[in-house]
Amino acid sequence: MQELIVRAKELLASGQVARVLGWKKGEHSYDPEVAFFNDAESLQDFVYDGFCGANLSKYMIEASKLEGKTLVFLKPCDSYSFVQLMKEHRVDREKAYIIGVGCWGKLDVRKLGAEGILDVEIAGDVLKVSSLYGDSEVAYKDAMLERCHVCKGKEHKVFDETLLESADTVDLDRFAEVERIEAMSPEEKFAYFQSELSKCIRCNACRNVCPACSCRKCVFDSTAFNSEQKANTTSFEEKMFHIIRAFHVAGRCTDCGECSRVCPQGIPLHLFNRKFIKDINRLYGEYQAGADLEEKAPLTSFQTDDAEPGADRR
Amino acid sequence: MNKVDEIKQISGVNPLKCMKCGKCSASCPSFNEMDIKPHQFVTYVVNDDVEALANSKSAWKCLSCFACIERCPRNVQPGKLIDAARQILIRQRGQEGLSADEIPALLDEDMPQQLLMSAFRKYRR
Amino acid sequence: MRRIGVFVCHCGSNIAATVDVKKVVEMALLEQGVVHAEDYPYMCSEAGQSRIAEAIREKQLEGIVVCSCSPRMHEATFRKCAERNGLNPYLVEIANIREHCSWIHKDMQEATEKAVILMRAAVAKVHLNAPLLAGESAVTKRALVIGGGIAGIQTALDIADAGYHVDIVEKEPSIGGRMSQLDKTFPTLDCSACILTPKMVEAASHENITIHTWSEVEKVSGFVGNFTVDIRKKARYVNMDKCTGCGICQEKCPSKKPLNEFNRGLNNRSAIYTPFAQAIPNVPVIDASACIKLNTGKCGICEKFCQAGAIDYKQQDEIITEQYGAIVVATGFDTIKLDKYGEYAYNESKDVITSLELERIMNAAGPTKGHLERLSDGKAPKEIVFIQCVGSRCSDDRGKPYCSKICCMYTAKHAMLIRDKYPDTNVTVFYIDVRTPGKNFDEFYRRAVEDYGVNYVKGQVGKVAPQPDGSLLVHGVDLLENKQILKKADMVVLATAIEPNPDVRKIATMLTASIDTNNFLTEAHPKLRPVESPTAGVFLSGVCQGPKDIPETVAQAGAAAVKVIGLLAKDKLKTNPCTAKADELRCNGCSQCANVCPYGAISYETKQVNDHGIREERRIAVVNSALCQGCGACTVTCPSGAMDLQGFSNRQIIAEVDAICR
Amino acid sequence: MYKIQKADLPKLYASIAAESDLFLPVKVADQTNFGLYTETADVDIDTLKTVKSAKDIFFPQSETLYKVRRENDNFSIDVEQHRTSPFVVFGIRGCDVRAMTVLDKVFLSEPIDSYYAARRQMGTIVSLACGRPDTSCFCKVFGIDCAEPEGDVVTWLVGKVLYWQPKTKKGEALTEKVASLLEKADEAMVESAKNAIRAIVKKLPYANLSLEKWGAAAADANFDSKLWEEMYKPCLACGTCTFVCPTCQCYDIKDYDTGSSVQRYRCWDSCMYSDFTMMAHGNNRTSQMQRFRQRFMHKLAYFPANNQGMFSCVGCGRCVDKCPSHLNIVKVIKAFEKEGV
Amino acid sequence: MPVTENWKPTIVAFCCNWCSYAGADLAGSSRLAYPADVKIIKVPCSCRVNPMFILRAFEKGADGVILCGCHPGDCHYSTGNYYARRRMTLLFSMLDYLGVEDGRTRVEWVSAAEGVKFSETMNSFVEKVRALGPNVRLGDLRCKN
């Protein structure tokens, strides 16, 4: 972590960058927040560890409007989001100095299984949790976010330089959960999603954190479709919202997993996006959004012999 | 599955793609020994007449040289059909060729494996 | 709330027999905003229309719904009626209660209920209809023809004759194209040059035609009526104004190595050359890669001998920019490469040739001065085998899946000409099918068989094996006799598949014209608009659209010219107002819409916006309404709903949905 | 003081639910929120904090106000009736109970919100003391004693026993109805439990937050602080904090066309949203900084200014737990404490 | 809504202007009957149909939604139906994934000459939706009163 601070200070001092976008120490060891650092002094609060899960690429939309370059730290998976945003002209590559930082899996405080957590010490493969109600130890792996278990790779897709080594974290099949649901009967599927979506409070955290949901004005906030809605009065509204949300990012979603990370109700929102990713891979060839700046997106291209809608219905 | 579908499945060939150009027969070194010529073979499959193919000499006269497979402009590749017919005949007679674990030692990396299999089937009868 | 009038047509008894039109009127009056509703036996009649006119005046209608036959029948009628009476024509909606209702339902109650719902949907929509004005754009009265073959020349001549200026851009040093390489033409056996060169001369001397040879299209921007094109005039190293075309330079040029492209590489030419004697313009070019002077600085012989002082080694490529109202693509074809067909020994034996090479051999100006001889040893061939469908009708990756269309006929021509001139030479044609649909075509083929004794064998050739004695052993088959044939031949001629000129891909991209998997340009409609590209203002002439022979090419060239003339004859173009439009406050500038636009109608500009007090520069999509055809692909791609289609807006369609489902 | 074995609680729930609606923490798809009791409901009173607060029961996230129906040329208006049947809320924590007092200030002062008032009148609150306060809790800062919450009935879960103490007439009435399930108990156990809880509360990291920089005076003092400009930046402008907050009371009123009628409904709104209080000309607050500032200034300055110093934060810590960017009111309070203004 | 024998589904059919709408016209002029439950909305091209429209129809009470366009390769705008095809493939797959009955949505390519196909398509689609009964999984309860 120190080398990140040192490098950031150098770049600030040389005038190459006007500010630094990174993570700042929180109240506790497990709640760092996203922050802009404008000078060397403020960098003393800079932090980069397993709890820095936030994807900083979306903040670069606003940072691109600022004077001068912004130094941004991107984890490998964040760099996909950044490329996708570049592809959509939402960020300005010229305004970014990108340090690709290594990643060895990010943590989910909810998975520590403790109440009243006061401090978490990351000691290699083990997390030492001290809480109001006693101390415990959790294996790093067991507290990792779902997305890290199915990581799409530790290679940065865009960077000016890289720092810190990554470690492989994949130990689960990315599509296993989608397949499990696909195998259910329509009644079971319906019951499953009904139960999950009934929790939705329409707080829009999933939408607002999503680097692909970068619309200046979301359709669900605008009158464009006569579809603006804030109420969660019936189960339909959540379905409409979540289907369309996933559809709008289909072929653009890099599967960064931020939506599921931030949902206050713990709804596995990535299962919507990943369903589309799985379908796209199966029907139109392997496609990873954000992997390539030039590649045509699956929904803005076609083959003349594409599958017919509903072709694989029984 | 009926015989025709079995031939189609084994060979992976859609005989309906044949435009009856005859290039297979023109290319075939065993043409004169065959009672059913390579291009006719395709028609027999199309017409569902597997019985005649099974009783023909042709199935055993094909050298598996793959000239027809190389040259067929429509990807019909009669050689594959003939090979499939042969395979069905062998299966009928209950003759499996080599046992699976004997094979790797015999393989030459550069030789197309399909050719090998085809030849084994033919000459071990 | 708009003031809406609803007009229910009986269509005699066509509608009224199954739909209770009075009930529809009654229900219409209960709809929001409907201030007038009536029924009439024939709304489209003069009397019916005058009732609409009267209602517009008396009730100050701001929108009209006509419940009648399909909009495909009378939408235009009612729109005009509205316009005559001071109502914007796009404030008219049709509820199709005939084709979609009365004609398919028998039960009166059921049909009436449905008619009411269709009426409601139309009322809901018309409340949201915006008055649209068809835009206008000026037309530059000049056309560009890309390609100077027979297709391009014919199109240019027809346009020029109608009084419009045409530029021809040809990448070779001379116009003339493939046809100039042919010896005779089927089915009349006219000499190709004899019918082509007068046209070339006519084009060159036409006051309305400018020819840019040795030139290529570099860049295209703009849209129908207003294209701007950059043309690269490649350095010729010969001053066109000074050159007299005497030809002495070619005679004296010491560099004789380059293959003669015009003769399909069968012999050589000099570094300074005109491709053929009747070239237009009759001005040579210097092949920079072969020129000794340009490569080493020494030589300069041509300059020394040129009495006109036309040689200019310092010439540079030049870019000229012109404006055009219409562009015709006439880029033609080439034969496919035969590298993947090892079995025909084309690369092994000089005596295996393509039909186009045979044309050159048979031609008096060709490498053998018109004598039929083997290129290997100069001997006259006694046995010639023609092989049809080489690379055509192939579903593998070696050839083309389509039929090249011209081979059957030119092979009959070749066979006939050979048998006529060299009666002791035997000709065998191996064929799969002989395809001769065309005027006098089958007669022509039968003459080859019946009068000239050409031996047609049904069956494809499997292999051509060059023999040590210099002959070629042809492994064929006679499918009718069910016999394999081994035939010794002295010469084998391959009817090689044709493919679009490889440059067409680049040109299509510049024009945003679509192209199919075989690189043929796509027509706007395969049956009804065969000479137009889906991109407005771009037209197709000749083989670039699909295989065709000379008469068809000329016919299509004429048709393309008529379309161009029709376009250039207009002073202004009326544009379809139902085009897409981006809401600049909602647009993300993400470019997804441009990626799906088939017309290249969407561009982006950086613009200062004021979004409710937030002032900033944003990248925003801008639709060129002259190019947009209104398909709506962009509207669905746009996640924020910024892109909307006028006349079929998101809110209009949703209003219809709501009305139907309520 | 009464008591009931924890194992017998289902009987208690069933008994209450037989007479009136009973709302209590129910687990659905691994998350606990207040919900209506049914025989199959997975009741969960062990989870300290429901994701959404109990606010939902008195001030639902969405509620229809009236329906307008058009029949031919006539309109008919169907006004949504006020709640007239009593109901019980069980298991509500001290912070959430206090939050009701904050909401009362808004909805029960003139003009009185009759829908809310009716629910308040019909509802009986059975609160539950917090056994294991969490790191993010800071109710103590607002004078709330989570060891002894307010409510019509107060309960304590000590080991396998639930202690039950009616505090108001409503509470006594409810106690009477379920008396057959309760047995008398002495207060000693509860007292020691309370002490244990208070001991934990003292150790909580936010227990000693200072509100010195806040209150009515802060309305002017803190408005132009430079701190806002830096603090707001990680804010995603989502509504999580406002929707999990037990005191946020902003709502929007909208119409929904069902085809056969138009329903006028109100639903929670969030001051974090860019179109909050959107008007024809646009929005009063054009930047996220302004919106971010509004939320905290409202809780800590404007509300106290209008309500005799009462803060509209009860320290439940839900926003601390749930903010996707780890931003929260504690960080704001601390920043001002540290940096001054 | 109780399923009764008299229950009639609400079916929304989006038809492209150039092929399918004309095909529907042809079905009409050929007097090829199909149920009156089908109501057609004209769109310029199948690519104009936004998934939002389809969900909106279900929200407001439709029991089935069908989209008809030109056959792939015949699009008036040359490429529109190819995009529509991918979009609908994904949308339908998602609806299946959410447990919505798969008979409620369909895409069919109907040319201007295929009046018979149009009529047959509508008949079979309506039959399937009727068998499924009213749509409850995607509707807004407020519209069901």
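In this document, chain identifiers A, B, C, D and E correspond to the written order of the chains, with residue numbering beginning at 1 in each.
Here, a residue touches a chain if its C-beta (ideal position, glycine included) is under 8 Å from a C-beta of that chain, and two chains touch if they have at least 3 such contacts.
As the structure is a prediction and not an experimental result, all values here were calculated from the model.
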{"item": "Any chain in contact with subunit A as well as subunit C", "value": "D, E"}
{"item": "Maximum centroid distance from subunit B, chain identifier (CA atoms)", "value": "D"}
{"item": "Pair joined by more contacting C-beta pairs (C-D or C-E)", "value": "C-E"}
{"item": "Label of the chain whose CA centroid is most distant from the centroid of subunit C", "value": "D"}
{"item": "CA centroid of subunit A to CA centroid of subunit E, Å", "value": "36"}
{"item": "Chain centre separation (subunit A, subunit D; CA means) in Å", "value": "30"}
{"item": "Separation of mean Cα positions, subunit E and subunit D [Å, integer]", "value": "45"}
{"item": "For subunit A, residues contacting two or more additional chains", "value": "219, 225, 227, 233, 299-300, 304"}
{"item": "Residue list for subunit B, restricted to those that touch at least two other chains", "value": "none"}
{"item": "Numbers and ranges of subunit D residues touching at least 2 other chains", "value": "256, 258-260"}
{"item": "Set of all touching chain pairs, with the criterion as stated earlier", "value": "A-C, A-D, A-E, B-C, C-D, C-E, D-E"}
{"item": "Subunit A to subunit E touching residues, read off their complex", "value": "178, 181-182, 184, 186-194, 219, 225, 227, 233-237, 239-240, 243-244, 246-247, 250, 272, 275-276, 279-280, 283-284, 298-300, 302-304, 306-314"}
{"item": "Complex interface listing, subunit E residues touching subunit A", "value": "50-52, 55-56, 59, 72-73, 79, 82-83, 85-102, 105-107, 137-142"}
{"item": "Contact set on subunit E toward subunit D in their complex", "value": "60-61, 140, 142-143, 145"}
{"item": "Subunit C residues within the subunit E interface of the complex", "value": "70-72, 96, 98-101, 103-107, 110-111, 113-114, 117-118, 121, 514, 522, 524-526, 534, 578, 596, 598, 629-633, 635-637, 645, 648, 650, 653-654, 656-658, 660-662"}
{"item": "Contact set on subunit C toward subunit B in their complex", "value": "343, 389, 393-396, 398-399, 432, 458-463, 475-477, 479, 482, 484-485"}
